[in-house]
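Next come two complexes, and both contain chain A; in the first it sits with chain B, in the second with chain C.
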Partner chain A sequence: MNATASLQTVLEAGQPVAEHRPWPRVIVTPELWTTLSEGLARGSWTLLGLWGESGTVHLAVYEAPGEFGIASLPCPDGRFPSVGRLHPPAQRLERTIADLVGLQPVDAPDSRPWLDHDRWPVRHPLGSATPPSQTLPPYRFLPVIGESLHQIPVGPVHAGIIEPGHFRFTANGEAVVRLEERLGYVHKGIESLLQGASLEKAARLVGRVSGDSTVAYALAFARAVEAATETEIPVRAHGLRALMAELERLANHFGDIGAICNDAAFALMLAHCAVLREQVLRASMACFGHRLLMDRIVPGGVATDLPVDGIAILREFIAGCRRQFPPLVELYDNTASLQQRTVDTGFVKPALIQQFGCGGPIGRAGGRTFDARCQPGYPPYDELEFTIPRRTDSDVNSRIWLRIGEVEQSLALIEQILERLPSGPVHGALNMPGRMGEGVALVEGFRGDILVWLRLNADSTVARCHPRDPSWFQWPVLEAAIENNIVADFPLCNKSFNGSYSGHDL
Partner chain B sequence: MRKLLFQNLWRSPLTEPAPAPSEQALAELGAKVDQVARQRLGRSLAIRQVDAGSCNGCELEIHALNNAFYDIERFGFHFVASPRHADVLLVTGPVTVNMREALERTYAATPDPKWVVAVGDCGRDGGVFAGSYACVGGVGAVIPVDLHIPGCPPSPLQLLEGLLALLQIQ
Partner chain C sequence: MALIMDYLVQGGQMLLMLLLAPLLTGWVRVLKAQLLRRRGPSLLQPYRDLLKLLRKEVVLADSASWLFRVAPYIIFAAIWVAASLIPTFAGGLLFNWTADLIAIVALLGAARFFLALAGLDVGTSFGGIGSSREMMIASLAEPAMLMVVFTLSLLAGSTGLTTVAHFMQVADVGLRVSLALALLALLMVAIAENARIPVDNPATHLELTMVHEAMVLEYSGRHLALIELAASLKLLLYISLISCIFAPWGMASVGEEGMVYLVGIAAYIGKLAVGGFLLALFETSIAKMRVFRVDQFLGAALMLGLLGALLLFVSRSL
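Here is the complex of A and B:
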């Protein structure tokens, strides 16, 4: 195969799988699998996901501007050619496949376990699921060689109201020479719980992969189910879903803008942003009956319609934000002592952002333009006007400004959605074809693009479902962001990323 | 900045009146919490929050306790960075197997007298994650729990009602 072949050409050489929607899924040979890995390494394509099930590994790939596909490689001998050998963003995903499914990436550069801390009562819970026959060797952190280095181990229990994870800093004086993350502490076995679950139970579970993104996860799950069953949902439901998605984005961005500034000891911003965040949650409660909007989006539509005064509540809320937010933006813009902490801190090379396919504000503050609301796109965004803020300075300051830009876009989007919200039902019955079906969806959460892939059984229970958090491609980049920064700036860098531990650990 | 600060001086505060302590929480605590310990601690409690595998939904609502509407510090509660400074462990999540030891060690590092509050439906019995190979299933299965605050996630108001029962502000 020609080295510059398009994704479509490569996928056409494989065996297409029927009943997979909306992107093609093809069974590939090890040679094609390697061709895809090489294309990822070359930068022709972006890695969207890599997961396994008993006997097969799946690779989701995106080719700009709008080509998506999934390649599946059967692994009869329990091995597959490592993608991470050529393309580092795949490494942690491969280590996870080895832990959960038991399929081994051949020639992988890092063979250490990732989510498996040698504490579960089973090995390979998504594969053979047998009791461990022997203990794993102790986890070895990467070696650091040099003079006058010291290590700072942090976590898993952190000094704040934060999720758990372990960070191993190696520093020379104040400067961080290397940060190595060790995650997996909040692994809940969600993918195993999803196997055989009813759609209702599965929707609740996927909505709790990462609580801060519950709307985006529920939306991705619902869209994947609707793709698998070829269900069209009522148009009003599309509008309400987008309302919830933008409310979630607003709540999180307000929280993050305040929290980043607070980590530079500028508590005033946190105090004001926390008020804005609370107002979003109260508007959500008044309109949809749950502060975080959990379990509101379900396959087939949404669970609750707006109350009669819902539109008025949201309009008043938007007007309030438009009054209160600009002075805070001005405050940030005019506080040089705060910017002294954020400008140039936690810089990530745009080439690295591109290589890892970082989504969300991290990616778009570092030169990427990708936003799942535009590409692949989903209703109602195709009918709405919005611009995607983009920057290239890729530091903490840039990530703050990007979120500020997105807040303004989300406010405008909510206004547009309210203006054209169609009437009608908000939920429709799913087509139940009585046969197996597969679906995939990519949805833009506040943190970036969330992928959900699933296969439904003939009785509409879930056979296999894989939710992939945007953090998979952001956590590794944080290790690069902190390099040569001082230890005291780590909270600032970390908060500007705000990766999800729960979404990553599954 | 000056303008913003001045405005805040003139505006009436956003902080809402205190809710009554939850009856249910008072009933659960009544039998468990030693009166002597309560007197010794007075009306100031240091809280160490421990995420033992939550989806981070509970953390978001616990964070909200610090905002101007709920302002938990007016009741004498404050969040601390180390279990060694804590009187209360506020534990969320179904306790993942991978977090079990960390939770046990956090509990061991907290000086007596101490109380454990399990937050959320997961903290009670594992919630939606019950039955997983990777979850112990409930905080009570790992360390002794004095009070449960249910909800998925509990709202800041529910959290306040539960925590106020610890102080028995009536």
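Here is the complex of A and C:
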């Protein structure tokens, strides 16, 4: 295979799977798998996901500007050629596959477990699911060699009420020499629960993978189901889904902007942003009957239609935001003591952002342009006008500005959606073809692109479903962001990333 | 009889400081909350917190030695004594003649020394970080404080606080550059010493950014109550010190009778309220600075203090 072949050419060499939609999924040989790994390492393509099921590993790849594909490698002997060996972003995903399914990456540079902390009643819950016969060796953190270095273990239980994660700092005085993360403390076994679940139950489960992105997850799951069953949903449902997605983005971005500033002890910003966030939640409650919009998006459409006064409520809310938000932006811009903390802090090289394919504000603050609303794109965004903010300075400050830019875009998007919201039904029946179907969807949540891949049984229960959180490609980059910073600036860097523990630990 | 009165006034002052300290902390918290458009906790919340902590059992780390257990009492005692040395509602108290500003600085230094030792003693990484940061801050804050003391003593001819306050109250001091510099330096030192924004954040939950809180992270029960009370006392001490030196109006003098003392107390509480308000306003309007910027901040305080003393020295002797 030519080293510079396009993704399409490479995938054409494999054996396509007919029932997979909308992107091609092909069964590949180990040679083709290695070609794909090399392409990823070369930077021709971006890794979108890597997951396993009994006897097979799947690799989702994106080629700019708009080519997507999934390669599946059968591994009858329980081993597959490591992608992480050539392309580091795949390493934690491979360790997860080894933990959950029991398929071993050959020649993987890091063979330590990742999600399995040796506390589960079974080994390989998605594979053999046998009770553990022996305990795992103690987890070794990477060694650090040098004089006058000391370690600072932080977490998994923190002084504040936040999600659990362990951060092992090696520092020389205040300067961070290395940060190593350990995650997996909130593993809930969602993928196991999804196996055999009815569509209704599965939609609720996927909507709870990461509570702050419940709309985006539910949307991704619904779109994957609709792709697998070849269902067209009513146009009004598309509009309402986008409304909810933008409301969720607004709520989270308001929360993040305030929280980042609060970590620099500037509580004023948090107080005002919290008011704005609360307004989003109240508008959501009034319009859709749930503050966080949980379970409002279901396969086939949406669960609740906008009430009669819904459009007026949302218009009033937008007007309020447009009144209250610009003074806050000005406050941020004019507070020198705050800028002093954020500018140049937590810089990540754009090349690293590109390599890891970081999505969302972190990726777009570091030079990437990728936004799932445009690429692969889904209705109704193809008919709406919006620009995707992009910066290249890649520090905490730029991540705040990017969120500010996205807030403005989301406000404009909601206005456009309201203007052209068609009337009609909001829910349609799914095509139940009575045969197996596979679907995949990529949806832009507030953190970045969420991938949901699933296979439905003939009785339309879920055979296998894999939701991939954007944090998978953001957590590793955080380790690089803290380099050359001081220990005391870590909370600021971390909050500017705001990775999901729950979505990552699954 | 006069001696009994002196004891009574001094005792009253010590008790007043102890009782007012949590109220001042509560007052600053309420104001900060209101400035953020929140309702905020009750003014009395710090008292309730102290009571709650006193009733709770003490949990000690396995690695803690006797030092860790003793430190809270030493810290509390040192700061309480230091606070009792400051003329608040009345000058010329019994203790005022036994100890001067330098003794106050030394007492606070001793308290800090034991707090840092306790932070190191317990052996956690956060305690160590907190102690090392605290010492960095102290190494600049203490000389800056001494410079302020020198400026004042050059001017008033004494390091005794009653004399300084009397001088400021009675003598025609007028506006002096040295005094303005000393005030500024003292304010900066007070912010750093009390672990307030922008040097430290008393309300943070982020372990990695803490200074004072990191050292006391392992304390619980009555130990923590004493440390919290000592921190409140320290804040009260600094606001009292600043108002005693730079706004001594309304203060009663020794040997006066009932009503004058009442006026003194009312004026004192008024000054505390204003001081707390200014602190809350300042803290709300500024973000915390980077840890490595603190030395520049305190270096500026040191230079201001030095400049004040030098100016005075030069204008005097030449």
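By definition in this document, the second predicted complex is superposed on the first by the 506 of 506 C-alpha atoms of A that agree within 3 Å, B and C clash if a C-alpha of one lies under 4 Å from a C-alpha of the other, contacts with A are read in each partner's own complex, and residues count from 1 in each chain.
Methods note: a residue touches a chain if its C-beta (ideal position, glycine included) is under 8 Å from a C-beta of that chain, and two chains touch if they have at least 3 such contacts.
All figures in this text were calculated on a predicted structure; none of them were measured in a lab.
K.L.:
Output check: A:G189 vs chain B and chain C. Expected answer is one of first, second, both, neither. What do you get?
P.N.:
first
K.L.:
Using the touch definition from the top, say if A:I388 reaches chain B (first), chain C (second), both or neither.
P.N.:
In the superposition, A:I388 touches no partner, neither chain B nor chain C.
K.L.:
Which partner, once the models are overlaid, touches more of chain A's residues, chain C or chain B?
P.N.:
Chain A has more residues touched by B than by the other partner.
K.L.:
Could you look at A:V235 and tell me whether it touches chain B, chain C, both or neither (first, second, both, neither)?
P.N.:
Touch partners of A:V235: none, neither chain B nor chain C.
K.L.:
Would you check which partner chain A:R208 touches, where first means chain B only, second means chain C only, and both and neither mean what they say?
P.N.:
The first partner, chain B, only.
K.L.:
In the superposed arrangement, does A:V275 touch chain B (first), chain C (second), both or neither?
P.N.:
So A:V275 meets both chain B and chain C here.
K.L.:
Under the stated touch criterion, which partner chain does A:C261 make contact with: chain B (first), chain C (second), both, or neither?
P.N.:
A:C261 contacts chain C only, not chain B.
K.L.:
Under the stated touch criterion, which partner chain does A:I311 make contact with: chain B (first), chain C (second), both, or neither?
P.N.:
neither
K.L.:
Taking the superposition on A as described, I'd like to know which of chain B and chain C A:I152 touches: first, second, both or neither.
P.N.:
Once the two structures are laid over each other on A, A:I152 reaches chain C alone.
K.L.:
With both complexes superposed on chain A, which partner does A:L292 reach: first (chain B), second (chain C), both or neither?
P.N.:
A:L292: touches chain B, not chain C.
K.L.:
Which parts of chain A are in contact with chain B and also with chain C?
P.N.:
159-161, 268, 271-272, 275, 335.
K.L.:
Tell me, which parts of chain A touch chain B in their complex?
P.N.:
Listed in rising order, the residues of chain A that touch chain B are 117, 119-122, 125, 129, 156-157, 159-164, 184-190, 192-193, 201, 204-205, 208-212, 214, 255, 268, 271-272, 274-275, 277-278, 281, 291-292, 294, 327, 331, 334-335, 500-502, 505.
K.L.:
Quick one: in the complex, what on chain A touches chain C?
P.N.:
Chain A residues touching chain C: 150-154, 158-161, 173-174, 261, 263-268, 270-272, 275, 335, 337-338, 340-341, 486-491.
K.L.:
With touch defined as at the start, can you tell me which chain B residues reach chain A in the complex?
P.N.:
Going through chain B, the ones touching chain A are 1, 3-5, 14, 49-64, 66-69, 79, 81-83, 93-94, 96-102, 106, 128-129, 131-135, 152-153, 155.
K.L.:
Where on chain C does chain A make contact in their complex?
P.N.:
Chain C residues touching chain A: 32, 35-38, 125-126, 128-129, 132, 197-198, 201, 203-209, 217, 284-293.
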